Amino acid sequence: MSVLVDDDTRVVVQGITGGEGKFHAEQMMEYGTNVVAGAVPGKGGQEAAGVPVYDTVHEAVEEENADTSVIFVPPAFAGDAIFEALDTDLDLAVAITEGIPTQDMAKVNKRLSETDTRLVGPNCPGLITPGEAKLGILPGNIFAEGNVGLVSRSGTLTYQVVDNLTERGLGQSTAIGIGGDPIIGTNFIDALELFENDLETDAIVMCGEIGGEDEEQAAAYIDEHVDTPVAGFIAGRTAPPGKRMGHAGAIVSGSGTGTAESKISALNDAGVPVGDTPEEVADHIEEFLA
Amino acid sequence: MSVLVDDDTRVVVQGITGGEGKFHAEQMMEYGTNVVAGAVPGKGGQEAAGVPVYDTVHEAVEEENADTSVIFVPPAFAGDAIFEALDTDLDLAVAITEGIPTQDMAKVNKRLSETDTRLVGPNCPGLITPGEAKLGILPGNIFAEGNVGLVSRSGTLTYQVVDNLTERGLGQSTAIGIGGDPIIGTNFIDALELFENDLETDAIVMCGEIGGEDEEQAAAYIDEHVDTPVAGFIAGRTAPPGKRMGHAGAIVSGSGTGTAESKISALNDAGVPVGDTPEEVADHIEEFLA
Amino acid sequence: MDMRLHEYQAKEVFADAGIPTPASQLASDVDGVVDAADEIGYPVAVKAQVHVGGRGKAGGIKLVENSEEAREAADSILGMDLKGYHVDQVLVEEAVDFTNELYVGITMDRGEGKPVAMVSTKGGVNIEEVAEEDPDAIAREHIDPSFGMHPYQARKAVYDAGVDRAVARDVSSILKTLYDLWESKDGSDVEINPLMITDDDEVIAADAVMNVDEDALFRHPDLEEMEEEAAGGDELERKADEYDFDYVRLSGNVGIIGNGAGLVMTTLDLVDHYGGEPANFLDVGGGAKAERIANALDMVFSDENVDAVVFNIFGGITRGDEVARGINEALEAFDEIPKPVVVRLAGTNWEEGMEILNEDLVTVEQTLEDAVERTVEYAEEVNEQ
Amino acid sequence: MDMRLHEYQAKEVFADAGIPTPASQLASDVDGVVDAADEIGYPVAVKAQVHVGGRGKAGGIKLVENSEEAREAADSILGMDLKGYHVDQVLVEEAVDFTNELYVGITMDRGEGKPVAMVSTKGGVNIEEVAEEDPDAIAREHIDPSFGMHPYQARKAVYDAGVDRAVARDVSSILKTLYDLWESKDGSDVEINPLMITDDDEVIAADAVMNVDEDALFRHPDLEEMEEEAAGGDELERKADEYDFDYVRLSGNVGIIGNGAGLVMTTLDLVDHYGGEPANFLDVGGGAKAERIANALDMVFSDENVDAVVFNIFGGITRGDEVARGINEALEAFDEIPKPVVVRLAGTNWEEGMEILNEDLVTVEQTLEDAVERTVEYAEEVNEQ
């Protein structure tokens, strides 16, 4: 199988009775995802998107054997929803919500160190194993089955790169949007490790952006541990210091950390070619797989 | 060696410039304990009880290679002092302080699950390996070197039992006062495990009291894991339900949990004879070692 | 040790935190009760403010329909002796019409070393009995004290307990508030039993329990003030509070003084073992000086049930010489020693103590067993006189 | 995004929490400054209240010794343009005589995912420069956000930094207060630089920084009010705030609109790649409806530096038909399109979008690269005119 999600994944959607939750639960099911339940406090006993709704995630797990949660809950309540997911022995929780207070995520981050549940996100488009299942809001139709693993801090940039790949017949094993917030669950290194160990992934695209040092750390990890060929892309080369580019995490600090140059050169040093454009990334992958 | 403490132990005394801290630091040193430093915020650079004082435990560890802390800090600040000790990679922290708020200890308890440092206490007399070192306030002169391990929730009751043992020539390997509070670090089971694995301990005395279920759990543990003969004592047989007998932990609840009968019968079921008087405990130990 | 707030005090704290409570007024005389009842509007409940379980069954709570009944109830409750406690104050409270009664509470689970939230639809009865007879009727959710209660945990406990969905949101929110109070006020037990549900799905705290960790009072000056109001109960226990002793009054005639909870308990047990009956538990604590020792003797002498006293000290930080000085001081004040005192000193400075001790005033024994046995004999002798 | 309080607002918050701050008054006209200075007593500092680093060097802070100098300072500072920000208000503040300046601050260490407290004896200068040139001059202590800052951690950071023992206790206590504020107010960066030490060992916050997580403002209505006061800066950025766009103004002439931060950044990078200069970053976010799309065009048209606009949408939750409707709506309002617009639509409903889009008003390209290249050409053409 590919990584993290496949057609055996049993999904509970937290916030399934909200507009977005319902719409994307339906979209996920349409794509073939095995959505088995929703969880919304006070709505237990109802149905939404054709699946039963429970008051707690715990019940959804007990009654429907859910093993994965996708979270569409407004930011003020999303931290609590993630804690609920983490305390329910799920394998995976995917938090789509954008705008969760950073301090809520710092607490979530602490709890992550105490649990076996993996978190993807928040503020991410989710993940997809083409032809099997998608968790989140990614537009399924641009993806194709294949052997390219993709990990990205950005949503629509992922779509752009995937589009370039798919157009050339370069399908994907799994694509993971890890999210653009300063504090996230699964990071580049976690995703790279998964892809490296996945027999169906033969090449990896890693889309980073300015801010933080995750890309530099990922480069060091690739150098040490990853044999699968990796092509990179870094958004924000032209961003001036001190200005946040949309994502809470995407900022070059006044003291010069988090620059695109630093990330690109770290990746290059690790043997990772970095494309100037999404097209060039597809070029590199095509070469790897030729 | 015996357990937890010997003449290699390097002790930092938190609160060494206070009345009790200084007195007992001196007493410990007189007994032969290797007290290497004190830690008192704002008193760094001074000397107390003949050893250098540092502002932080961290410094005492860095400068004097302390590996164990004994804490004489007033209850309002003792929770913080324990956290400081736990966050300094010590092997052992012994909290003598009585009257620490229970919620402070609940937080300490959480932190204990995240660290490798062992805590003994609080609200305990400490521990002693006769002839080698003592940590805490136990009167050294009543102890004698020997092969009886002793673990107790109570301070002066420990002295009473030790007195009875020593008078008959039954010396002790190590005696550990685990403290009478509802939430403590090292518990009976931890101590029993240490004694069971200690080559110098040939018999064990376990002094419990009413309240909680620690003695019942210890009995179950003994049944499963302890081959060394154990004699028990349970204080509070005549205590009426609902009345707290001094120790915050020593209370038989209205619903009947925590009774002496329950504890005694659990111990008896595990093959542990329970003395009616401290003298009878000494009788049992004498038989074991005969 | 716990500091227990009176119902009216706990309700004040709960109401300040936003938990709905019935309209009520405190009153300490009959006219005050009637006035309050008239103002609140009938029916009202008149509730004795004493720290006693089962007040209702014992006649400490009366439901009244008019001024006359209010006067009668006030007459009978004010000044009554409720299981040994004198009733000085009553809470006059709007009687709430309810369709359901819940239990919600927060306590420390000492086995787990962490707080636990409890919810049950079997409210309005003794929750300890429910816990024993039908443990599954109580939903429990353990809380990590470093994070505090997450809202989802409150919801989970409430839904697990099977609380009606129509009020689940309000009950969850009350439970969360209760936890936050428990945490911010250093509560030991914080409970609402019953939490009443009205037929239009209002949720109201009809009773309120708030017990607070006495060791943490230093950071709650507001609660310390309440403690003074809440003081009461047995006169001897009040005296023990003044002297700051761990003291429990029991029903026998052998007075017991010692240092360290475990050793004092053991002394009690030995009294029983030798056929006597303990009159009290009194722990002078560690490091007691002469004055404190004298106070301890004063305490035990004040108990008229006591016929003889055993004084058992095993010195660690407590020093035998101080103990001896305290005993001399206390006893030398009497022309005649009121009750025979047996002393056993061991541990730190016991020899010095023995030299100081005025053996004309006390009986000295070398071992704990002998001391207790002798005291029990004295108590029997006195008793037979 | 962070909400930044003005110095005077942050000092108010700090002072409320018990951190000592100098006597001060806010003033917005020259007479007010002189009155305030007279009342406080000379010397005083007159400090521009704008969100600009290095105010002192730029002439935004003046130390004055008498009324005349106060008037001069007020005259020169009020109304001045400080690095693009108009100065409307100044803080008139007691000038503190100090012997030492410290730095204390709390921020989020994103690499660790937890807050970090920082203390340095090199206060009064740009701490980022200290961090780079002499990292050991800053003591750092990471805080577990579930427990909050333990007092010992504050002490440890203070002693590790080598703060004088005479003031260590006060500085520790201020650091702990700072953390508690950071936590309770959802701070992102909370700093005092310099924290001044006087020759009689008083500790005073001579400056105050408090940046707050905008995503958490929903739970801080008091801070939300301050945000309104604190608003200011570039007119276009204010407009972006109104429209609730992630917007950053840059110095070039190619206007950029897109959905998703990473994709918009990539579009900026491609503009550069094709030899153009981006005029802005504008992310309409996910799921934008027609009106929002029209607002985005209005935003970019309002920037007089913009010569051409590239509109790049890759639909996920954003739908191509809504985008097309929004573009039509915005452009059909003009008799003449103010600046050429190049549109590239992909992803969800892009075909529907293409059908709706009025191609008379825009240039359509199929790929991101082509769209950007075309826009750069347009911008060059307009510029050359």
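Order of writing sets the chain letters: A, B, C and D. Residues in each chain are counted from 1.
Going forward, a residue touches a chain if its C-beta (ideal position, glycine included) is under 8 Å from a C-beta of that chain, and two chains touch if they have at least 3 such contacts.
In UniProt terms the chains read A, B = Succinate--CoA ligase [ADP-forming] subunit alpha; C, D = Succinate--CoA ligase [ADP-forming] subunit beta.
All figures in this text were calculated on a predicted structure; none of them were measured in a lab.
With centres set at the average Cα position, the gap from chain A to chain B is 50 Å.
Between chain B and chain D, the centres computed from C-alpha atoms are 55 Å apart. Here the spacing of chain B and chain C, counted between their Cα centres, is 28 Å. In chain B, the residues that touch at least two other chains are 107, 111. Of all residues in chain C, those touching 2 or more other chains are 144, 146-147, listed in ascending order.
Chain-to-chain contact here is organised irregularly, matching neither a line nor a ring nor a star, and falling short of all pairs touching. Contacting chain pairs in the structure are A-C, A-D, B-C, B-D, C-D.
The part of chain B that touches chain D in the complex is made up of residues 41-42, 44-45, 55-59, 77, 80-81, 83-84, 87, 107, 111.
Those residues of chain A that touch chain D in the shared complex are 20, 75-76, 98-107, 109-111, 125, 137-139, 142, 152-160, 163, 180, 182-183, 207, 209-210, 212-213, 233, 235-240, 243-250, 253-256, 276-279.
Interface residues of chain D, counted against chain C in their complex, comprise 144, 146-147.
Considering their complex, residues 1-2, 53, 108, 110-111, 113-115, 128-129, 131-132, 144-146, 183, 186, 188, 213, 215-216, 218-219, 246, 248, 250, 258-266, 268-273, 278, 281, 283, 285-287, 314-317, 346-348, 368-369 of chain C touch chain B. Taken together, the chain C residues at the contact with chain A in this complex read 147, 150-152, 155-156, 159-160, 165, 168-169, 172.
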